Amino acid sequence: MAKRKIFPDADAALEGILFDGMTIMSGGFGLSGNPEHLIAGLLRNGVKDLTVISNNCGADGFGLWTLLNNGQIRKMVSSYIGENKLFAELYLSGKLELELNPQGTLAERIRAGGAGIPAFYTRTGVGTVVAQGKPVEEFEGALYVRETWLRADVAIVKAWKADPEGNLVYRKTARNFNPNMATAGKITIAEVEEIVPAGMLDPDQVHTPGIYVDRVIQGPSYEKRIEFRTTRPRKEENA
Amino acid sequence: MPWTREEMAARAAGELQDGFYVNLGIGIPTLVANHVPDDIEVVLQSENGLLGIGPFPYDDEVDPDLINAGKQTVTTLPTSSFFSSADSFAMIRGGHIDLAILGAMEIAGNGDLANWTVPGKMIKGMGGAMDLVAGVKRVVVVMSHSDKEGNPKIVERCTLPLTGTGVVDAVISDYGRFILDRDRGELIVQELASDLDIAFVRARTGIPVRAA
Amino acid sequence: MAKRKIFPDADAALEGILFDGMTIMSGGFGLSGNPEHLIAGLLRNGVKDLTVISNNCGADGFGLWTLLNNGQIRKMVSSYIGENKLFAELYLSGKLELELNPQGTLAERIRAGGAGIPAFYTRTGVGTVVAQGKPVEEFEGALYVRETWLRADVAIVKAWKADPEGNLVYRKTARNFNPNMATAGKITIAEVEEIVPAGMLDPDQVHTPGIYVDRVIQGPSYEKRIEFRTTRPRKEENA
Amino acid sequence: MPWTREEMAARAAGELQDGFYVNLGIGIPTLVANHVPDDIEVVLQSENGLLGIGPFPYDDEVDPDLINAGKQTVTTLPTSSFFSSADSFAMIRGGHIDLAILGAMEIAGNGDLANWTVPGKMIKGMGGAMDLVAGVKRVVVVMSHSDKEGNPKIVERCTLPLTGTGVVDAVISDYGRFILDRDRGELIVQELASDLDIAFVRARTGIPVRAA
């Protein structure tokens, strides 16, 4: 019998693998596709001096913001701060280290971490502060900057469904950074809305093969907070 | 009279061509989607992992798992597709997007663009903007021509930290529609807002402005 | 109305884009997931001095082998020759240029070509002939060799289903190099077993977004030759 | 008496551990799948894009779209997944596969391995072997101890073009099961085929052979 990947809850899934000063990747774009329960588990655990790699740092009152607010994060590696006052204030006042990455460079660095590629070249950021101190080289007449891989001690990701092997399927734009981060953690924990029996996921439609997933929990419920609810009026049906 | 946001968006829609794959930035660029001419089809890309953005949802269709890069709720179309962030930026970096329309704080005659921070004062982060300006085939900036103090935002050399170098192809401001001649560092007028003349624009622009 | 991507047949889809000396990527692993009809179209067209990037070069009598046999290929960029006598003979006798790549390096170079990454580092091939003449550099105590992107004038790929936008879905291990090559052609042509109406593909389950696909044909039928038919005996049902 | 192919495969199966993700090469390594102990579960990866290889199909199940890296028809399991070649080798290169079992033409005391060409005579190509030996956590070679002319295939320094340098962890040959001590360049006996003694093996091995 292979070791079982399914854990009862976030606290159990985080047990024995957290340590102060560790690096954590957390999936999500804004508050969409966030590992809500695992973030709450990190808050309860109190692990500190974290380096957190995540596109954003939650939003006022939600997600990774709660760890920032609780003083657990020493450094963020992100692409976007906008609309997160605490994040901006802590950074501008020198209380938080921040490594800003172009979003695509961030995503590719994470993919490279999972794919065994220590460095790659991109045109993104050439001639900007992002390229400072990094090798810049010409290929076929254009300049490219060298970026390096990112890996984490633990990656926490949110998917829609998992099977007992840890195969994951994501839903809509809640996919975002989750599949890439799932490949780049020494240990990867996935939380999902539903754990389905073996055989219920179509092998052609698995987004993250189970090889990348060490532990899985099914979240009891999902808040899935919307940051900007934008709608259009429904036309009068019988007008 | 300077153009309104919607008028600027409508002018920016003139940049669209049939079959184009387009990325629209946050703010006025997002409004461009409302002005796509009836006789052309474009596919909108959202860098958080969606190709084929549909209209905003009806109130009962809102789905927190379906947002655009501005974190606004959106919908899909019958031919939409979802993908990861790495795949999304592979698409952008690889030169597969025909056009990006985005905002700016400052642009220079050489095509440099700044739109992500004012050191010590404001930092929002570059998000996907650096990748977009570096990877997309054509970059069109939509912005107010002057800042809140009335200073030109189109300048000889950018003073703010850059988003990209030599990347801006065209500008649509509240004063008009322009092509940027990066070699000469000049703005070439394509259209002016009604009642504005080229002298008015020249007085409010940090680089030479010439008639088409 | 956007320009239509669906073409009536292989000859129509190849019309106006072929030229002697061009570089073509062709999907498939062995004879699985091969663009059979588009390869036949290249044979009929007679375009020559081709550089062909493909993991294999067909197999005796089938697939890209037919172009090799017809003298249309000047150079192959591949990872595997075994079981293809003509391929081996032409190479060993100096009549065919060959750039052998480790299979994973080949796949990643193609992905890099589509993703705007001109070069990347990999441990694969360090200390072997593959690394000769290429920069080798140390990252975190290990040596890595720099490999460069691959792109093609035309990529031909085989998928299972397409919709009118050119979104593609692959089937089982017939996926292989096809999705990567689809991203790396200046022009990409896909052949599929079925073109379905818009709305019939689940957006969460599209493997290749239509942005990468310029032309699509539905093949009239597929031979799908099996190279090694391996089976097990069925136990007597009523034993 | 030297081990048969099946006996070698059975010994190689001893390398498997519960929960391992494993890539099996063409030939004898493929046979290892028939010898997985009942009390452990391993997941087999096929570098052409399949995780979770099932048994060979029944005659009426054969599917040309479902093959292993040896181009043999196979089946899936309830938890299998398919992926592209780039994703497959990202998995391999990224160190996610626990064990690769593969054949060799020649291996050296320093762990070098050669298995893809004999210059001027035979070229089959490296396929995925270079990626596997460079990326996988542990590499076990299964091969005949001597070549057809009776010369040792385990040598001081490889003479054939290499597949990888310093990569071999263990060897299973028709003569026995060995660990390779790459630092000392010695073969350490774990088990010998019945009736064979260490002197017999030493006489047919190009590097020192020592008892465990």
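Letters are used for the chains, namely A, B, C and D, taken in the order the chains are written, and counting of residues starts over at 1 for each.
The definition used in the following text is that a residue touches a chain if its C-beta (ideal position, glycine included) is under 8 Å from a C-beta of that chain, and two chains touch if they have at least 3 such contacts.
These numbers come from a predicted model, not from an experiment.
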| item | value |
| --- | --- |
| Shared interface partners, meaning chains that touch chain A and chain B | C |
| Distance from the mean Cα position of chain D to that of chain A, given in whole angstrom | 36 |
| Distance from chain C to chain A - Cα centre to Cα centre, in angstrom | 32 |
| Intercentroid distance (Cα basis), chain D paired with chain C, Å | 27 |
| Residue list for chain C, restricted to those that touch at least two other chains | 108, 111, 115-117, 122-123, 170-172, 175, 203-204 |
| Two or more partner chains touched - positions in chain B | 50, 76, 82-83, 89-90, 92-93, 135 |
| Pairs of chains in contact (touch as defined earlier), listed by label | A-B, A-C, A-D, B-C, C-D |
| Residue numbers on chain A that touch chain C, as the complex places them | 108, 112, 115-123, 137, 139-140, 144, 148, 169-172, 175, 203-205 |
| Chain D contact footprint on chain A (complex, rising order) | 1-3, 111, 113-117, 163-165, 167, 183, 198-199, 201, 203-204, 206, 209-212 |
| Chain B residues within the chain C interface of the complex | 18-19, 21, 39-43, 45, 50-52, 76, 78-83, 89-97, 135 |
| Contact set on chain C toward chain D in their complex | 29-33, 55, 78-82, 88, 91-92, 100, 102-108, 110-111, 122-130, 160, 170-180, 207, 224-234 |
| Chain D - residues contacting chain C, complex | 46-50, 55-59, 61-74, 76, 82-86, 88-90, 92-93, 112, 120, 122-131, 134-135, 161-166 |
